[in-house]
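Residue numbering begins at 1 within each chain, and the chains themselves are lettered A, B, C, D and E in the order written.
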């Protein structure tokens, strides 16, 4: 929605983004470099199609149209005409073909691994870009069309080693140009020749580098920045109360924070135990006490609510009714042959107690607090939980290699615009690895051929109704089998001030994932926001 | 981080020994007669008592998430509650344990290493001295915090033990250097030579002739090391290197900071542990200052002044 | 020295060099060079010489604080280097204790003054019980004039005057089976009025306890007061050696002469000679051959720069290391000088 | 006895050290006169207050010492009443000080020349040429090659350092030179030679000197008059020869019995029994009475005044006639 | 000149020690940089990409530890500090160049101010022993020196930047400026650096005061100071040229050595004040197991301190003729 109202606000204003980057800026504007793409992909380099993370709404961007072949193995893009690079050179299909083949040659740059499924990218005689696939991979559209930046061939072809190329003077098609970069700040200036005429309406965007949350939060709270993507503790006092009229926030859920079971070891290979634990967790309490109420409680379907509400099979979920229910949990455990010992902790026939260790990250203070609440919950049921708060490297080492009993945390890959992306990475055995080796997903080593098939079918269809149906079947497995327990939902932190600027994304108008670190959604937000007169 | 400045001028003190009470008695009476020392000792004693009796005197379980988060100070919660609904006052009392323990244990260990290295360097002399002295200087010059961050980060799950180890590794060299220069000036004192000529073994000479003469310097070094430990531990815990689940003032600060306590309406959560650290640090600093005066009578306060 | 009795302690070619300036330097300081001396039973030998001439180094060599660079020390005819076992070394240390110059520095300020005596008793007379040690210590204190001894045992050094402290030093030296006391300037830091008391004590001890002394000093008058024999050192070498009175009355070495002329003597009539040589003592770093006094010597001849003079017997029992000094026995000096060329 | 007006007249001077345990009276009611060109020796044992007396005269005491009573008249002006600023102008130009150890008294990080220059500039503006000339002159006076003006103290030998100090003290031809054991850090040979030189310079230049030492024999040949101190007080003053030949005070007599000689008959010396008193609690009456062989009952209670004897003054009741 | 030679030996050995510590520490610690990278990129990079990057970085190659060590030494000596993992492909040198000058500038300025002020206060309070200054300042600053740097920083920030708004919340200069040589820019730097520097100064000055006071007291008792008074020199000259100058000398090297401590504190201060120095970068590098970056920062900070120590040594040698000739 490229927002072409009649009464256009004037162009102008300097918007300051407030987002803890944890490091000084490297003045490198290479959209294929995972450590710096956050400062270029979107506002400088654009994708073919903008695919809204929150609702899978697709908007043609550098492509003016696209079609899937009937077998879902060929994807054809019509390239928008009249687009110019910021150095004045015309943008063409050749740039698109070049960009894709560049990341094919240099797989280090293929951040989304699109060449895992792509077979070729070529320009056909009519000037369209044709992509062929090794297998049908409809969901990969998000990565290919929505997450891959297009770079100018006339500049990038001169780079000897694009992998280690530092791009100091970026040339893109985006709405802004980079006008100044220092370690502590990047300034973006309006691109007057942007292909969406009249946009953007902001003259300047400054993006300071914040090393730590606290100074960033203080900056936001004192009104020196207008757009935040920050975790702010006690936000109502800290932020909103300083200007209740204008200081607002919205935290749309974007992923699940789970308890991962190591399903290869007893008793977590026992469904009854998994279910019992799922009934022993007071998700509301975790959300309120551990997450300040910012992160809503999760639900056992694994589908984010409200983000993907349309995908949720409510009836099925209600049947199980996973909520804090010690009686039910006790019943399940007793059925499975556990008895309560003198210490109040359940134990199996051999006298082995239900006593586990859960790992989480010491630096994530909210997680640590959440685990404390979970410990408390389980104790009421009769399950002992010990927390091991690890430094993040140690934590991920254990998580990825399956070296844990229980783990608290979220998937470490990017979410996507439908529940498919997260659920597949959580459950598909193709993403996992044997214990001791690094898994890309499915850290719990859950193996279920039925669920694998469902995801594979999803990948082969462009039919939305069929996709919904497939996800509902996955939800059934989530509810019955409890391979993981979604406890709370991770959100996109987003604060904004309406004092000087308007046009912000809101729950009512979720035109883009709203955090400054949502790529390339931040571009879309910056195209909508304007200075109030 | 405490600033400590090194000088090679460690004067050979005149260990004052009073009538029948021996070294310990002398130190005690010297302390009692010094106002700064008295203040420091009082604070230290108070914290020690709090640490010992924390379970008895703290009103609530410091870990329990049993209250409303971010309560202001009230009769029930003298300092309010944390972001997770724990009683700050109770946490403060319990934290005294780890903070004090850390200071004392790390202080003692650093002092022991300092004594061993410093005294051996001076006593063995020659190449040994050269090498040990070089090692000491290297440890002195290498910026400690980066080193600490590196070590502590990798060993964060080790808890207090690792923290102590890190502090000891980075904190012994200062004292070693002072002890060496004092031991050097002692080395040629005639009573040591007398002991050697008498036929004493080297170990006896070091333990019973050299060390007792350095008591007040050793005490001063311990105090300095303890001060360093207090501040270093607080710094490390503040940036989250340490067991964040353990209760100590530095960790409290870490949590308070993570919860934006200063700006989010519970400044006491930041102020209280900070003040405790400062108080404990100041206690060690004052005692240290006083020991300087005890060790070096020239530094004692003068009663009257005349010439300008 | 008594010709028929073997000396108590004897050195032969005793040499001590120090390396200067750390372990990498190669500058050598010759603190003591080729020293032969002997101390008889019940004899007080005074070692005099200016500061830095190597007196203390000799004492430390004998006390086995330093290892000699060269030469040997014989105690009752037995070379020290042959004493290897700890018990043998301990026994030697018991026989040859040392007294130090500084009454303030030689007692550990943290212990009672009895500490050193009790330790020495424990080390050298292990048979004694604790009570017996206390008793012996009290007796020793009394024998050096600290009466009543038991009162002094419990005092701390700062409670004693300098003279009393030095007496404690003497008591420590007597605690073992003492035969020879190395006294390194034991009275130089004391006041005149106290000093004489200690010199008298030395004489008494020699007489009553039958011990010998190596008395190191630069006060020639006090050496004359107590010593039987006098050894004059200059820059690591023995310059002159002989019976005290004889050396004082007939100094042979030009350095001895200079030294004697410089000693103020209030009882002698005033005589103010012209400003005498003021050259500083030579740095004995890598000295090379030749007489070390030659730069300051009014009588220096060519040979003095080439040949290090050896000790020659110039009067009965009286030797000096000088090329020009005349002999009072036998051959006239001039002839002797001629023959030595 | 004093023929002309004295250069220095000390009257009833007392100095206290303020300590934790009370005031230590290190100098107690000392009166002295020094005539023009006179060489006054002050002898006494360690700790009897010699240095304190000297520094009190030179007004160089620093806390915890303070002048408790008495006056120091230098060329008729009372120095005790002067403040630091007034003193600054009198110092060095009119009287100078030579300290015990030149190693400590010379600033180790400045060349000898710079320290001389400092002293000159503090009192009169002079061209650097003038300063150079003056410095070289005094250096030659004490027998040091002026080349050493560019040397640092540690580069000189002990004797040379002492000479350099003396050179510095003579840079303004002062009327009084106060010397605190200027030779005691040297060995006998160097000591002798330096003493001779001091004496010769004193004769040539004609300054009066107050010379302190604990070495009786050292002053015997050099001073005109001798004062013997005991426990903060002067117990005997007189012409040097007469003090030596006929000591009056029992303490002086004891001293004479304390040092052996390298000539003359060898006789047993006895020294003085006992040890010097604690100045914090000095004995009542005569301070020497606990050690005195000829003590009388009144000595224990009554402090003796100075009694005048033919050749000297002595503070002992034995001479109360 | 053997004094200088000894100091150079010390310099070389310390650098070597820092290099070796650098090399050993990361290697004996658990974890793996590839995973750390995965963590850092937080879903922006697929595992396949990480594999490719690991190969590009030469992680997990099979050289022996000694080979690696000598290669590392060689590279470092050649000035090749490697490539940062976290900021790939930026050469480590570039990243360090960005932050280190600010850290050194901040610490340098704060230290010089603290040193000058502390020395002066120490000198004056020793000179006027027992006076008002002496009774108040040294004990007060000793107590303040026991305050944690960062905590004081937090309070200062709250009061002067957030509540009163007198000073900026962070950064080294105005966001809109770029680095240039103008008075305006210098003003910005001073304004932005004021609070962090203030924090460092007031928490570190106590040490300087105490040390200077103590050596000054000892020096004042020296005969040459008494002698200077006897010579009738003016009090100011005695205080500075005789007592002060001599009292500073033995401390100079100690002062420089303490820089290591100051830098340590400054790193925390940087984090509090969002100052663009190396403090946070270092923490970041550690968390992402960015060996190259971590090693370089650590090494360069050490060298910076060493250079200061060496400078202090030369200064001491220049000011104090005795050290020059010490055997």
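Assume a contact is a pair of C-beta atoms (placed from the backbone, for glycine too) under 8 Å apart; a residue touches a chain by one contact, two chains touch by 3 or more.
All figures in this text were calculated on a predicted structure; none of them were measured in a lab.
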| item | value |
| --- | --- |
| Longest centre-to-centre distance from subunit D, chain (CA-based) | A |
| Which of A-B and B-E has more C-beta contact pairs | B-E |
| Inter-centroid spacing, subunit D versus subunit B (mean Cα positions, whole Å) | 50 |
| Intercentroid distance (Cα basis), subunit E paired with subunit C, Å | 55 |
| Whole-Å gap between the CA centroids of subunit C and subunit D | 33 |
| Of all residues in subunit C, the ones touching two or more other chains | 22 |
| Contacts with two or more other chains, residues of subunit D listed in rising order | 62-63, 84 |
| Residues of subunit E engaged with two or more neighbouring chains | 30-31, 129-130, 162, 235, 271, 287 |
| For the subunit D and subunit C complex, residues of the former touching the latter | 45-46, 143, 157-160, 187-194, 196-197, 199-200, 214-218, 220-221, 244, 254-255, 257-264, 266, 268-273, 275-276 |
| Residue ranges of subunit B in contact with subunit A within the complex | 63, 65, 69-70, 83-85, 153-154, 156-157, 240-241, 243-245, 255, 257-261, 263-265 |
| Residues on subunit D engaged by subunit E in the complex (per definition of touch) | 55, 58, 60, 62-63, 84, 87-93, 96-97, 99-101, 104-110, 118-119, 122-123, 152, 154-155, 168 |
| Of all residues in subunit E, those that touch subunit D in their complex | 129-130, 220, 222-224, 226-235, 237, 241-242, 245-246, 249, 319-322, 325 |
| Complex contacts: residues of subunit A adjacent to subunit B | 213-214, 217-218, 221, 232-234, 237-238, 289-290, 292, 362-363, 365, 368-369, 372-373, 376, 387-391, 394 |
